[in-house]
Amino acid sequence: MRYFADWIIENLEFTRAIPSEYVYLIIMVVGGLLLLLFVVPMAGALTFVERRVAGKMQSRIGPNRVGPQGIFQFVADGVKLILKEDIIPTAADRRLFKLAPYIVFVGSFLTFAALPFSQKLIAADLNIGILYIFAVSSMVVVGIIMSGWASNNNLSLLGGMRSAAQIISYEVPQILSVLAVILLTGTLGMQGTIKAQGWAPQHWFLFHNPFAFIAFFVFFISAVAECNRIPFDIPEAESELVSGYNTEYSGFRFGLFFLAEFANVYVISAVAVTLFLGGWNTPFYLPTGIWGLLPSAVNLAGLITFLIKTFVLVFVCMWLRWTLPRLRVDQLMTVGWKYMVPIAFFNLVGTAVWMLVWGDKSIAALLGG
Amino acid sequence: MEPAAIHEELKSRFGDAVMEFREGNGDPFIVVNGSHLLEIAAYLKEAQGLHFDSLMCLSSVDYGENYAVVYHLYSMQHKRRVVLKVYVEKADPRITSVQSVWKAANWHEREAYDLMGIRFEGHPDLSRILLPEDWPGHPLRKDYVFPEEYDGIPCHRE
Amino acid sequence: MPEFRTEEMVLNMGPQHPSTHGVMRFVVHTDGEVMRVAKPDVGYLHRSIEKIAEKLKYPQFMPFTDRIDYLAAMNCNMGYAMTVEKLAGIEVPPRAEYIRVIASELNRIASHLISVGVMGLELGAVTPFLHAIRERETINDLMEELCGARLTYNYIRIGGVAQDLPAGFAEKTIEFLDHFVPAVDEYNRLLSYNKIFVKRMADVAVISAENAVDYGLVGPNLRASGVKWDLRRDEPYSVYPQFEFDIPVGTGEKGQVGDCYDRYMLRIREMVESSRIIKQCLAAVPDGPVQTKLPASLKVPEGEAYVRTESVRGELGYYVISDGSDKPYRLRIRTGSFSAMSIVELTSRGLMIADLVALIGSLDVVAPEIDR
Amino acid sequence: MRRYFLNIWEAISTIAKGMGVTLVHFTPARKSITIQYPDRTPVPVVETLPERSRGMLTFDPDVCDACSMCAMTCPIDCISIDRERVEGAKGFVLKRFDIDMAKCMYCGLCTEACPVKPKGLEHTREFEGATDRMEDLILEFIDEKKHRELVEKALKKAEKLKAAQNEE
């Protein structure tokens, strides 16, 4: 966003009259709104896509009536959720009950600020972008516990508690495997991480060295766990806890939980793409100068690449969800602490050793001489 | 060993507690006095050569002048079955519980209590199992009158 | 140090709960995630079928047997018909016997498909359930062709079956079976051997052979505990002795004998065995009538009989007392789910909440069969 | 230690196998088996049902000889028959023949009991009987007019029979 603000101040005469701070502020607000305009329909659309994917995998069709091939199904669902009666249980802690969905949604929405959609398209290229994303996304768990507690329902409470245990456990391997990448780049900035990777797959951190390869899977699995998705959806656990923490929610508040879940799926996929899959780097070489391509066209190509890569990972999330059963709560802890954490540590040490021996050369660089 | 032979053996062991052996159309059965039921049941389960380890079914019957509890026993080892029938007075239907011998009897006895109103003495948790706790009467009795309503809910359509 | 006390939490699962098969309730006493005990509360689907039987003539009761266990209506039909035939001394034409076996084994596959599919659903995997339902749909179509209904068949009659096999039924059935056996393999790849699934099921809720017999567990649940006991072999009825089929027993292949995984895998194997029986049966169906002529008003001689058959959920016993009239004096139905449910309280001790769902799913209880 | 890596390997390989199955279903290799009932099926579903399918009951008063076997066989008494003797005719004439489809459990015992050929009472394949009023589900096959028609028919038949007997 700073880039656009600078560009506006430079190029548009009338803005010169206003102090630049105000311009920045306006641009920030507009940028936030733009993101919101992107996130809400995107998350909504993902619910539709998920239902169609599930349908196909289960030998059925899925929603196909609203609009061509049913693509407006999510709009209909959204309208339905907004119009539905907003029920608050009498025994609930009203204030917390009302607050919780917003915290959950805001927690996942804020992370979008640091996602690099393309070379220039990023709301805030923080120099601690990665740290920011993990810090902010952890807010979700506060909202979930809050909703579990405020519902005053045993099932919801269990769901909230499970969620807390789960997210705390999986934060560890997640950060540890990200540390391996940070070792390679030496930066916490999202754009910096992408720039450190090249355009071709062999330049991605995924194939940088064997440790980074494993780190990707550890990261992705932990991230799926953080999103409370099958096979790690024990906080919701429909067959045991009847949707857990969101059992008592209805209407718009339930919609917020729902949106947050899908926004989260998008965020984790985007972060995985940024850290391991080369971000907006188009997988073919786009020389700016020679072909006379405009910077905006490069930006657009980057955006499209980034979206495609992200949606592939989002699809993998859905694919996992419609294939696997869910773990039990103690098994979840076992997988987290006995498998994910040691492997992540091993990766971290392995990456460090790799860097000691070969510096920041990747396998491809070594093989290529 | 045929049911008749089992009857002989029981008769020789428990004397008058084991009453007549009835054969007719269908399954033959041994009529047993309720006072010695638990010993007979334990004997049938444990004794060498009998080994009736499985209680197939426990039924209650309203015969008009009295009730009966029917035990269908099966020996999985010897692949044979025997039927015990115990008549219970109508005025005060009580009988010893056999759930200490066969665990399967636990729920069956609760059901017999629920639907026929036979009290099983020594049962750890003799409460209604199928009907609501406050349901009046025992529906499988022949003199049961179907209620018009239950807690204000009409029991008939229309 | 002050004494640290925790409170027991009472969790009410049901009567409306996604993992109770039908309507039933569990009062779960938990200490965090670990259950102290889960007490089943049944009876929500009690329709007093036994009382209804006393008010109806023998042939009229047949449609009600469909409703004892709606997933295995054919087997329930068959047990009742056999009981009345035994009491009244009615001979069943051989062709009818074969058709009965074909229909009830098809029904067994259909019911097991629901059972194993639901098992996946209980543990959070939705896709296997729909794949199982997809296969079951073909059986439903076959059944509809055979008797006109998809769930409550009311096909078997006292003294035979209602109608002869329709034209092309054998071919369609064999075509289905040829497609079905590979589908089971696919199903195993998708769910049965999945590591998460195995972890959730193996060593969970182990029922020892001793307890299984003592609590009167029957059918697949008993066999999974390692007791090789199948009425089709051990107390043969109908034309079962003529067929060659194996009786799968629980071996504890991923954990201990009698755990949830054994109960689940047993049903998978039984489906394959059932398809073997159906194939042999279809090849051997003799010609002839399918129904014995009965008097307009069937009077059953005085007497009593207890007949049990191997239904999908194990031993299904009908105890009929006749007083010589055209209505049963007393009819008692002993079902597999009833005894399976009674062991839940014992087995649930010390399990986790999520395991209760696996336990109920693996016992394959059907609520109307418990409550009747 | 071996167990540890074996666990990881098993988890990866079995999950991969399972995901293979779902992926195959995701590709066009597997078609969806569901139909889009009721409006987007190639032919109405009723027409695809087999001959024996037990749907709503239908009754043909012209075939019926008012024996009331169906009503007697019905386990839940959903068929109500009123019949009367007509002066000068043999047997009974139907006055009322109602089937309460809301009670009916589609068991098919009544159609089996029907002694006339072709059967007077039969299951159709029609299954879409939903209405918003319970009374709509009571099918009344005989109204005032039909009753008079049946009486006339019975009389005519009796006359014919009489004439035939006279000829002999």
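Order of writing sets the labels: A, B, C and D. Residues in every chain begin at 1.
Keep this in mind: a contact is a pair of C-beta atoms (placed from the backbone, for glycine too) under 8 Å apart; a residue touches a chain by one contact, two chains touch by 3 or more.
All values derive from a computational prediction rather than experimental measurement.
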>> Taking touch as defined above, what minimum step count separates chain A and chain B?
In response: 2
>> Centroid of chain A to centroid of chain C, CA atoms only: how many Å?
In response: 46
> In whole angstrom, what separates the CA-based centres of chain B and chain D?
Replying inline: 42
> Between chain B and chain C, what is the gap in Å from one C-alpha centre to the other?
Replying inline: 25
> How many angstrom lie between the CA centroids of chain C and chain D, rounded to a whole number?
Replying inline: 27
>> For chain C, give me the residues that contact two or more of the other chains.
In response: 127, 134, 190-191, 194, 196
>> Quick check: what residues of chain B touch more than one other chain, meaning two or more?
In response: none
> Tell me, which residues of chain A touch at least two other chains?
Replying inline: 57-60, 322-324
> What topology does the chain touch graph have (line, ring, star, complete, other)?
Replying inline: other
> Which bits of chain A are touching chain D when the two form their complex?
Replying inline: 53, 55-61, 64, 319-320, 322-324, 339
> Can you list the residues on chain D that touch chain A in the complex?
Replying inline: 7-8, 15, 18-19, 21-23, 25-26, 30-34, 36
> Which residues of chain A touch chain C in their complex?
Replying inline: 54, 57-60, 154-155, 158, 162, 230-231, 233-234, 237-242, 322-331
>> Applying the document's contact rule, which stretches of chain C touch chain B when the two form their complex?
In response: 42-43, 46, 48, 50-51, 86-87, 211, 213-216, 227, 229, 234-235, 301-306, 308, 315, 317, 319, 321-322, 329-330, 332, 334, 338-339, 341-342, 371-372
>> Which residues of chain C touch chain D once you look at their complex with the stated criterion?
In response: 56, 59-64, 66, 127, 134, 137, 141, 144-149, 152, 154, 162-163, 166, 186, 189-191, 193-196, 198
